[in-house]
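After this come two complexes, each holding chain A, first together with chain B and then together with chain C.
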Partner chain A sequence: MSFAISLASILSAFIISGIIFVFSNVDPILAYYNLFRSFTNSALLSEAVVRAIPIMLVALGLTLAYKANFISVGGEGQIYVGGIVITFLVLWNAQNRFLPDPLFMPIAIIFVFLFSSVWGIIPALLKARFETNEVLTTLMMNYIAQIISNYLVIGPWKDPKGYGFPHSPPFPEYARFPLIPGTTINSSIFIGIFAAIAIYVILAKTKFGFEVKVVGDSYSAAKYAGISYSKVVCLVMAISAGLSGLAGMSLLSGVIGRLRPDFSPGYGYTGIIVAWLCNLNPFIIVLGSIFFGGLLVGGEVLQGSMGLSVGITDVFQALLLITTLSGEFFKRYKLVWRR
Partner chain B sequence: MSENLLEMVDIVKVFPGVVANDRVNFSLKAGEIHALLGENGAGKTTLMNILYGIYKMDSGVIKVDGREVSIRSPRNAIKLGIGMVHQNFKLVPAHTIVENVILGSEKNGFILDLKKSGEKIKNLASSFGLMVDPFSEVWKLSMGERQRVEILKLLYRNVRIMIFDEPTAVLTPQEKKELFSSLREMSSKGKSIIFITHKLDEVLEISDRVTVLRRGKNVATKVTKETNKVELANLMIGRPVIFEYSRYPPKLSGLALKVENIRVLDEDGNLRLKDVSFSLNSGEIVGVAGIAGNGQRELAEAITGLRRVSSGKIFVKDKDLTNASPRRFFENGVLFIPEERLGVGTAPNLSVAENLVLKSYNNRPFCDSVFLNFDSIQKFAERLVNDFEIVCPSVKVPVKLLSGGNLQKVVLARELSSLVGGDGRVIVAMYPTRGLDVGATEYVRRLLLKMRDQGNAIIFFSEDLEEILSISDRIFVMFDGRIVGEMDSGKADVEKIGLMMAGSAVS
Partner chain C sequence: MDPMIILTTMFILMVQEGSILLIATLGEIFTERSGILNLGVEGLMCFGALSSFIVYYLTGNWVIATLAAAFAGLMLSLIHAFVSITLKVNQTVSGLAITILGLGLSSFIGRPLALSRVRIEPLESIRIPVLSEIPVIGPSFFNQNPLVYFSYVMVIILWFILYKTSFGLNLRSVGENPSMADSLGINVFLTRYIATLVGGALCGVSGALLILGYYPSWYDGITAGRGWIAVALVIFSSWNPLYAFFGAYFFGLVGTLNATFQSIGFRMIPTDFFRTLPYLLTIVVLVIFSSTRFRRRKMPASLGKPYTREL
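And now, the complex of A and B:
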């Protein structure tokens, strides 16, 4: 029953966006063929996986927060914080040479994680101390992080040899994630896979994961059981934001190669959709992220081959989320028709 | 044509597991103040929510002006001239009184004439002695003034039957006096008033007639002048049938818990415990009687570490644990069976096994420094399910799927089998048998007695006098944040307890 409902949800997303295709004077079958072409073509599939890495990292972090019933939407801002931290390390190291090249990336990963964690703990503390709404605080902090990042790249961190373009100097080779030979996929995919295993182990096997589940299920039961809400929520957000920060690093060190204004095309928000669609299951999230990465690539194919706006992927994603969430309702309740 | 403005005949309302109204009859005459008296859970509010269209009754007849009506929503009720002032006011704090009063009223056109409405409200207010400034914002008002706004909402809609759900609970004594004079004013101008309360003094002071409900049934309707406090207390509480539990006299073995002059505030800063002191010995069981909302919850939470005390001291076996964390209380052998089994006592979506280690997951053998040990948790859970006769398909099902009785057994099993604290524990139980069937109730009571015989100190809160009289060694009575009476259960006098519970101190 529950599987049938999931299937029906996905199907209705297809039908509704099909109607939108028809209204845009596009053959929906052809449009869907193009949208999913990345799954039949190895070059496009490799591109889909590249897009999937940051989505995956964000979604995995959010999963932990959502399990504690901490509704963070702060992935996007944490991506920018991660971007700021890695760029700072690159620029600083370029001047001081404080690290030998091979050690740079491992140390950078730790620093990016830690500083993004601090950023993530702020809304957790605000909620634990003052009961502020975490949806609002994390959302507002997204704008703050993005604007700081844009300021830095237009101002102090602008590449002096960049002909006035607003971007930082390019990252040196030692600050880049090497590619997996024969693909366009960079090695930060392994951070994503490691994170998936780690989140699964934390939730399923550890004392901390148990505390997260109790807090998420019932605040009062947690208090009664002597579990500290602020401790759990701060730790959860530290990990969640740390992973999103690594997503930002993976974008800059893995794909773009320098800090640019608005460098994340909303991966922090896509991560929210993926986390929920994959039912907060870490391993399904890995697959779901690749699916969404494919959709993003497919959207670009559509734009190129059929003249449709890239926005159509966003529409499809949003419809998928809406139909899935509505599907949850039908899984929980039964409709009874009465006269 | 009957002389009654309102008649409710054979009203039945069943909630899952409990009959809230069992063929209740109620009638109201024009211009009278009719008190609806009963303990918490007697079905007063349910009956009035049916009248106001919030609940749908399962069977029964409601007649207004002798004509049968069907009330499906509050809007319906207001059209029939029936209005309600709830215990928790339903006002928009940022708006002015006028805006609140006219909100939702069908008399408004598209464009609001606030000035005209304000005038009208002012006139209404002064004719009923409800002094307010129609243009001040609600958030600036005291509770008494907010209540007046609620009343004005009803008057503005020309309501004839006004229901007040425990209207004095939030008022100061002065505001209460003013409310009562407004009530008299309204009834003299032809409004009929239903006054829900569990306070005997108020019934005698304000009402013309009184209907008493007990456990969902109406036991009597009396003309107030022809009755008295003692009779009403007996009607309200009933003559309990006391089961005999074969038991030995308590073998006391030292002080287990000592509470000295504690004062506790609620979330809104109101003083809910006013200088409570008592001590509890190992090997005895103390029952606390009282109508819910008189500080029982605050007391139970204070002596288990869930609520801070603003002054006073709490000692557990000579150890000062004042304002210690819930976990420290637990580690010092204070076990708590809370009022809400689901959501506080257990995490609903976690499994039976997980809930059985909700407090001890942190101790060996259930975990090492990081990881949980599922084998030992599973074995432990299966043992408890067996020992405590918990009926569940497997220890892996979410605990929310269990019945009330089995849920309570999960909570009891976890608390009583806890591996920490050693002997001579303090067990704090809130309403341990509420909502349970006869078998489960019996089981829980015998378990508590067994724990007593093993040398634990037990304090339990109950609204059920029968239960308190049949299993406690000593009885406390709580009223208005104080322990107003204390007696040995052998010398207990039901009538006296009833009066104390209702707030009439007998010297």
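And now, the complex of A and C:
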């Protein structure tokens, strides 16, 4: 029954988007074929996996936060913070050579994680101390991080040899994630897979994971059980933001190779949808991210071949989220005929 | 430069920016007073802006364009209403979905407009006699386009509805204690639907003011987080339309600092810093006004909680 409802939810999202296609004079079958072309073509599928990495990292981090009922939407900003930190390390190391090449990436991963964590702890502390609404604070911090990142790349960190283009100097080879041979997929995917296992273990096997779930179920029960709300929420957000920061690093060191303005096309928001749609299950999130990565590639195919805006992928994602949420209603309540 | 001119210019920009925030904040106050949290404001504003832009471009009639924006906001908020009132789904998540949907639809439908760089003439200001002669206040508050005047009027109308009519009393009691309201014979579901739809329509209108008043052409992400600031302003104004008036113009003023400092050639701090100010200030304001002392008395007691009728 529950499976049937999920299927019905997904189908309704398809039908509604199909209606939108028809209204915009687009053949829906052709549009869907393009939107899901990634799954019929190995080169495009490899692109889908590339896009899935940052989405996966964000969604896995958010899973932990959502389990604690901390509705963070700060992934996008944390991606930018991660991007700022890795660019800073690259520029600094280029001047001082403080690390031997092979050690750079492992140390950088730790630094990116830690500094992004600090950024993520801020809204957690504010919620624990002042009961500020975390949706609003994390969202505001997204705008702030993006403005700072864009300021740096247009101002002090602009490539002096970049012919005036707004981007940082290119990252040297030792600051790039090597590609998996034969594919365009970079090795940061292993961070994603490791994170999925880690989040699963934390939630299923540790005392901290238990505390997270108690806090998420009931604030007062947690208090009664002697669990510190602020400790749990801060730790949860530290991990969540750290992973999103790594998503930013994965984008720059794995794909783009330098800091650019507005370098994340909304992966932080796609991560939110993926986390909810995959029912906060770490392993389903890995698969779901690849599905959504494919959708994003499909959106670009649509834009390239049919001149449609990539915005349609956002529409489809949102519709999917709404229909799935609605499906929850029918799973929770049994429909009973009454005379 | 003459300080009076600088001050007047600042105030004019403040009213322009503030009125956009004001209409959206009023809409969200009306919705939240009934107990429904609609985090879709950003999406509703953006979709409203696009709808009014298209209709204004086609008809050249700002009244029809504004109505189109209201209708667009209403239709999107109908989804939120159905999902969160009838299906009793998590309102935070549903609101986020509405935001993504609104932004995505606007980007999808608006792409040809963004590419062709279609332009419209901004709405003309109407000078109010006598009042517009007051220094600083006059040219800023009383020489604006009709939608700005609409925002002033809505403050009074919404305040009157909420506090002086029986419908307003019902709406507030539904937001405080729905089961009590239900037992008194108030239709909780209908009241919440009305509040959500009216609020959504207002958010759409605020998008209309944004684009018809100040942006001659359409581009992606035109709302730039204003919808989220409006959601925060609701807390800032303690769910009261009258306070929203002051809150919105305060944020409007902050939003103009960037332009003001640029115009007087202030270079000590990078201007990008001023661009972060509205967002930073929102966080500061949230911290101050979320502390228990301010909030506990004011927040509608069942905000964000779905109502299920006991059988």
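The definition used in the following text is that the second predicted complex is superposed on the first by the 333 of 339 C-alpha atoms of A that agree within 3 Å, B and C clash if a C-alpha of one lies under 4 Å from a C-alpha of the other, contacts with A are read in each partner's own complex, and residues count from 1 in each chain.
What we mean here is this: contacts are C-beta pairs under 8 Å (C-beta built on N, C-alpha and C of every residue); 3 or more make two chains touch, one makes a residue touch a chain.
Computed from a prediction, not measured in an experiment: that's the story for all the values here.
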| item | value |
| --- | --- |
| Overlay on chain A: chain C relative to chain B, clash or fit | clash |
| Touched partner set for A:276, first chain B, second chain C, both or neither | second |
| Contacts of A:206 with chain B and chain C, given as first, second, both or neither | first |
| First (chain B), second (chain C), both or neither touched by A:184 | neither |
| Chain B versus chain C as contact partner of A:222, first or second or both or neither | first |
| Which superposed partner A:41 touches (first chain B, second chain C, both, neither) | neither |
| Partner chain(s) touched by A:214 [first = chain B, second = chain C, both, neither] | first |
| Residue contacts with chain A in the superposition, chain B compared against chain C | C |
| First (chain B), second (chain C), both or neither touched by A:230 | neither |
| Chain A-touching residues of chain B, taken from the complex the two chains share | 306, 325-327, 330, 336, 338, 340, 343-350, 354, 358-359, 361-362, 367, 370-372 |
| Residues of chain C that touch chain A when the two form their complex | 39, 79, 83, 87-90, 92-94, 96-98, 100-101, 103-111, 220, 224-225, 228, 231-232, 235, 270, 272, 275-276, 279-280, 282-283, 286-287, 290-292, 295 |
| Residues of chain A that touch chain C when the two form their complex | 20, 24, 71, 73, 126, 130-133, 135-137, 139-141, 143-144, 147-148, 150-151, 155, 269, 272-273, 276, 308-319, 321-322, 325-326, 328-329 |
| Of all residues in chain A, those that touch chain B in their complex | 205-208, 210, 213-214, 217-218, 220-226 |
